[in-house]
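I'd like to ask some things about the structure below.
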Amino acid sequence: MNHTSALTGPPAAKRVGRVLTYRKAAIASLFFPPAGIPALIHSIKASRLAEQGETEPAREQGEKARDWAWYSVGVGLSVYLVAFMVWLLFTNGGSVRKVFLDWSILTSWDAWHSMLKGFWINVQVFLIAEVIVLIWALVVAIVRLLPGKACRPIRFLATVYVDTFRAFPAILVVYLVGLGFAQAKVPIVGSFSDIQYAILALSLTYGAYVSEVYRAGIESIHWSQVAAARSLGLSYTQTMRHVVVPQAVRRVIPPLLNDFIGLQKDTAIISVIGVLDVVSRARFINNARGTLAAYSIAAFLFLCVTIPFTRWLEWLQRRRQLRTEGGR
Amino acid sequence: MNHTSALTGPPAAKRVGRVLTYRKAAIASLFFPPAGIPALIHSIKASRLAEQGETEPAREQGEKARDWAWYSVGVGLSVYLVAFMVWLLFTNGGSVRKVFLDWSILTSWDAWHSMLKGFWINVQVFLIAEVIVLIWALVVAIVRLLPGKACRPIRFLATVYVDTFRAFPAILVVYLVGLGFAQAKVPIVGSFSDIQYAILALSLTYGAYVSEVYRAGIESIHWSQVAAARSLGLSYTQTMRHVVVPQAVRRVIPPLLNDFIGLQKDTAIISVIGVLDVVSRARFINNARGTLAAYSIAAFLFLCVTIPFTRWLEWLQRRRQLRTEGGR
Amino acid sequence: GSSKSTTSPGGTTAATSAGAVVDCKPVKAGTLSVVTSLPGPNFWGTTNAEVDPDKIKSGIEYDLANLIAAKCGLKMSFRNESFDALVAGQVAADSYDISLSQVTITTDRAKVVDFSQGYFKSDQGLLVKKGTTVKTWDDVKKLTVGVQASTTAEYYFTSGEKKGWKLDNTKVFPDLSSAYAALNAGQVDGIIIDTPINLGQASQSGGKLEVVGQFKTGEEYGAIYGKGNGKKAIFDPILQGFIDDGTMNKLIAKYLGGDPSTVPFIDVPTS
Amino acid sequence: MAFLEIQRVYKKFGSVYVLSGISLDVELHQVVCLIGASGSGKSTLLRCINALEVIDDGVILLDGDRVSGRGIDVDSLRQEVGIVFQSFNLFPHMSVLDNVTLAPRKVLGTSREEAEATAMGLLGRVGLADKATAFPDRLSGGQQQRVAIVRALAMGPKLMLLDEITSALDPELVAEVLNIVRDLAEEGMTMMLATHEMGFAKEVSSKVCFLDQGVILEEGPPEQIFGDPVEERTRAFLKRIVDAGRL
Amino acid sequence: MAFLEIQRVYKKFGSVYVLSGISLDVELHQVVCLIGASGSGKSTLLRCINALEVIDDGVILLDGDRVSGRGIDVDSLRQEVGIVFQSFNLFPHMSVLDNVTLAPRKVLGTSREEAEATAMGLLGRVGLADKATAFPDRLSGGQQQRVAIVRALAMGPKLMLLDEITSALDPELVAEVLNIVRDLAEEGMTMMLATHEMGFAKEVSSKVCFLDQGVILEEGPPEQIFGDPVEERTRAFLKRIVDAGRL
């Protein structure tokens, strides 16, 4: 056998599994001394042992140097950050705390009561809008998926709707619908209440988003699934109904929930057309008392809704991912 | 050979390739008579020919019935829809047109000039915010990806930031930052201008979103790529730098642009802290003239920015998809 | 409308007992439907008092609305609308009787809504930190001045619609408290808004702020009625009664705690 | 008249002809194997027969009835012609039993009981009766492919198209699937199969067609094609397969 | 002392032991084949040797030096031990040449010219010199796998681990990859390969190990394992492979 042939290449002189001392990392981690100092000590020990040929103990010291260097990043940075935030809260005679977290508001039952009443309006708006969006977006998605040249005009109209409403800032739609429909005495919707206008405007905007989600969900079903169903003699409609849509629904749920979280947050803009929602009420309190604490309450209330929702969504996504990886 | 064995099952009596008359579709398509009538005629012809055993001409008629039925859906629905919209525009003595598209505003150079000046502020805000977000989000993403138990505290802080700011409505962050920082005399940022506050608030919000995008992009690189790089002897940092990040950047661009479109639209909310942006100016004109035409102009201006951006994004995504399908 | 608050007619003036009950033909039987745009400190609710819009029990326009309701023998009920919708005629005319929302009467606005006669003079006052010397228009021009969005101050001092009044350094705030906060924070040197409102703020500041001058706009707040729906004919006489018998002045003094006539006028050169 | 007649069939994707004038007859109870390099058009031909692709020229007759081109009822054609794919394509959201009974119930209108009885019979034959309630992702590749075959058989097709049904399987699982096909062939099912399993093709087929760039370069009985191919390209192809240890 | 010594290695995922006490010696210039059913732990064993997985117990020695456990320098270990995966894992954003030269340049600090010269030499040997500037997605599976082998060789490893490197290939492309491995074996490269290509394993290996549920059930020269296996399970496994026409 010929050991320096073309394929095996030149033999290199390397040491396998040698000792690592992590010296640079240890020095850098001195920026947070409580972890940096032990890191450096272990690192020095490691190189001394390595020089004496005590490989195994040297490796042990190297590992320790590495661990301490990591502590200096992880713990050090956090300590500095938290200290900075505490300082911020109490600097200027606590003015930050007073502006954002005024006790007299945070502990006032009246303020909470008022804010909760306002938030209940936001909740109603997004719950109703979500139901409307679910249906309306499906109609739009179906129209956009109609096949053939004959349906080009209607597909085009649906596409124009989706593209424009995805391009408009929601706040402008709220203004246009909330102020304009009443003024123009548009038939039927001309005598809606402000809350109804808010629901309508958000439904129009999010209907466009969600119809895209539906469409992507249906299109994400691999064509081979359709081929399999059609090859068994199922008609187009049967294939959609029994094979494509049941699979699409599962895939659609996470992006749908994502849009719904967006919708929930966007209810914060309906105050601009005079709905006495949680933001209007925060503004009212701000005007009466000159503190933003009510806005902090509003932010907290939104947090209480959107965080669990987001967690749930992430859980769904993770589960789906596991399934996909588990399956083929 | 035994033809009715267990595997081949019972032979069914079916006709292959029989004639389709599309009768039901033709009748349903009468809701738009110009296409429904020919559909029905062809359908009837098809069944008559089929009865006479003239299979091939019958099939031809069936195809035509089908085509016309589709026309009734595609063209019929669009005709009805467009007619409805035209009627809406001119009903009530054209009040809809007057409210949303008042000529005296739409043709006023002064109005356009003012609106464009306002929009220029929105453009500046999102351009600057986008640059800040790109960098700030990367920092947050890197912190969130720090490995090991040692970095748990700092990862936790970054996660809290990301989770809360993703949960807050952007408008509340704008209020809190825009009104509160000055009032509380927060060091450094306490003397920002409103536009700077707007940029800061949007950067904080979108920094949280985009850090998630970065993180997902890096995590989307299949572990086998990391395994391949590491198995060649590349260090963790080298693997990140030469293998993971270059691939992640490409995947990150579409969702990043998507968030940037969101950011561009969300500049419409900065009017609430008094920035004289396009929405403030639209409100000014509305209050002075009692017409929402300026809001329509604002919507149009946003359209001009976000639609090309969206198209570009879709083009990028399609290209990427083609590539992925073309490759392995 | 979202919030409705019903109170029995209250009031401290003699006006309640003056004259017989008037038939006001309310849009909703038994109720005087009032529209306003919150917040409106000291007009609907009092600074440092109410934190819940549904529990407003005080304020100049709140009291006025109750007095009118009493005159008509009705309960008063108010709801919130956006200021923009009110002044641009974008609130359905058949959904309210009268709107009291510190709206300045302008000819433009009068094209889309009906106004009552003025019940509150709204010359524009300049509020500054004590010690800032402002005597002439040139002094004013050197200042960075805050105004509230959608107010006449914004209209006059930022747009140049009124000859010579345009200021170079203005900031527009969405609401008054943020404007006052900016003044306290030193982000702006002064706030221009209706003199009585600024007087109220000055009296609350414990001497830290003062109103150093005002600009004659000749403008007044008027109630808004739906365009051409006949409410004007019903409510104008009632309003006039409250102005004539001094009720209005008492309300202003009660809630704003200052006399606008003591503030010197600053002339704006028109050349 | 042969059971399946493919006459001068052309098919292009974009401007590239993937099938350029294929003619082929399949008699009742015959097993025809398509062999050929990757990309030679085997899958496309099978998909055209089942009308999953629209052909650009030529005609396909089944039992003397035209089954390609305008105005045909593809759904009833597909009840006659079953197809099984390389990648199984089971419906992941349905149990094995539902996968098998869906088409009989929805297309033929068979009652659930009857469809399930037939399905259980077929599943029993392929050794999967105990997996009836399992979901596809709980089955091995070989098991999934057996279910896919059963699913196609449940419609009682007269012709089965099998497209490289063992390519996606681990070698140990190949045999269990091929055994089923062997049984089917013995029972007289008419079949066309695209395959890389030359040993199996040799054993089971009545006719072998070598496809090369969209044309049938050579066809004949398996002994001739594998033993003494006429064309140079057939020889080169078979040599590569032998080198890989697959013949 | 063997070149590679694997001593009582245990590895678990979650609570399931995937390797339960594997001991195995590989001498310099030996070619060891791992065979066994899917899931028996072949890939895991190879990945443990290369420190891509952390083992739970036992020790691995390379050239007498410990290369598993705490405090070892995995990057330098990996310069000694190359691995090629079933799924190629080329870097899709780099040309073939960059794929091959990345590690020599960044890890060994070789100059670009030198690295490229070596790479071109190796690519020429596997018949891919003309593809040096192509991107991986423009290559066939067989070509990609040959590049992956070259990429590992470019680091001058002393031991090559090959994990089912032909499983993802079309049968016609298998031979071109196996030929390279055959050449490597002839040149005396020390190799461990997990494979389903029994014919090839028989031909090339000095020792065959049959893995079953994480233990080496049987090991010996290829003639013995394939010709006269002792264990019942080995026999059953080989029978399934023969049925599939792969031996």
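In this document, chain identifiers A, B, C, D and E correspond to the written order of the chains, with residue numbering beginning at 1 in each.
The definition used in the following text is that a contact is a pair of C-beta atoms (placed from the backbone, for glycine too) under 8 Å apart; a residue touches a chain by one contact, two chains touch by 3 or more.
Given the structure is predicted, the values throughout are model-derived calculations rather than measurements.
Q: Which chains make contact with subunit A and with subunit D at once?
A: B, E
Q: Touching both subunit C and subunit D: give me those chains, sorted by label.
A: Chains in contact with subunit C as well as subunit D: A, B.
Q: Let me spell it out: compute each chain's centre from its C-alpha atoms, then which one is farthest from subunit E's centre?
A: C
Q: How big is the gap, in whole Å, between where the Cα atoms of subunit B centre and where those of subunit E centre?
A: About 46 Å, centre to centre.
Q: Averaged over CA atoms, how far is the centre of subunit D from the centre of subunit E? Could you give it in whole Å?
A: 35
Q: Give the residues of subunit E touching no fewer than two other chains, as numbers and ranges.
A: If we look for residues of subunit E contacting two or more partner chains, we find 76, 79.
Q: What are the residues of subunit B that contact at least two other chains?
A: Each of 179, 183, 185, 272, 283, 286, 290, 292 in subunit B touches at least two other chains.
Q: In subunit C, what residues contact two or more other chains?
A: Subunit C, residues with two or more chain partners: 83-84, 88-90, 174, 178, 181.
Q: Considering every pair of chains, which are in touch?
A: Those chain pairs which touch are A-B, A-C, A-D, A-E, B-C, B-D, B-E, D-E.
Q: Quick check: in the complex, which residue numbers of subunit A touch subunit D?
A: Contact set of subunit A toward subunit D: 224-225, 227-235, 238, 242-243, 246-247, 250, 323, 326-328.
Q: Mind listing the subunit B positions that touch subunit A in their complex?
A: Touching subunit A: residues 67, 70-71, 73-75, 77-78, 81-82, 88, 91-92, 95-96, 98-100, 143, 146, 148-157, 163-164, 166-173, 175-176, 179-180, 183-187, 265-269, 272, 279, 282-283, 286, 290, 292, 295-296, 298-299, 302-303, 306-307, 310 of subunit B.
Q: What residues of subunit E sit close enough to touch subunit B in their complex?
A: The contact residues of subunit E facing subunit B are 47, 50, 52, 74-76, 78-79, 82-83, 85, 87-93, 102-103, 106-107, 136-137, 141, 144, 151-152, 155.
Q: Given the complex with subunit A, which residues does subunit E contribute to the contact?
A: 29, 62-63, 65-67, 70-73, 76-77, 79-80, 108, 118, 121-122, 125, 153-154, 156, 158, 180, 183-184, 186-189
Q: Under the touch definition given earlier, write down the residues of subunit B that touch subunit C in their complex.
A: Of all residues in subunit B, those touching subunit C are 178-179, 182-183, 185, 190-191, 194, 271-276, 280, 283-284, 286-292.
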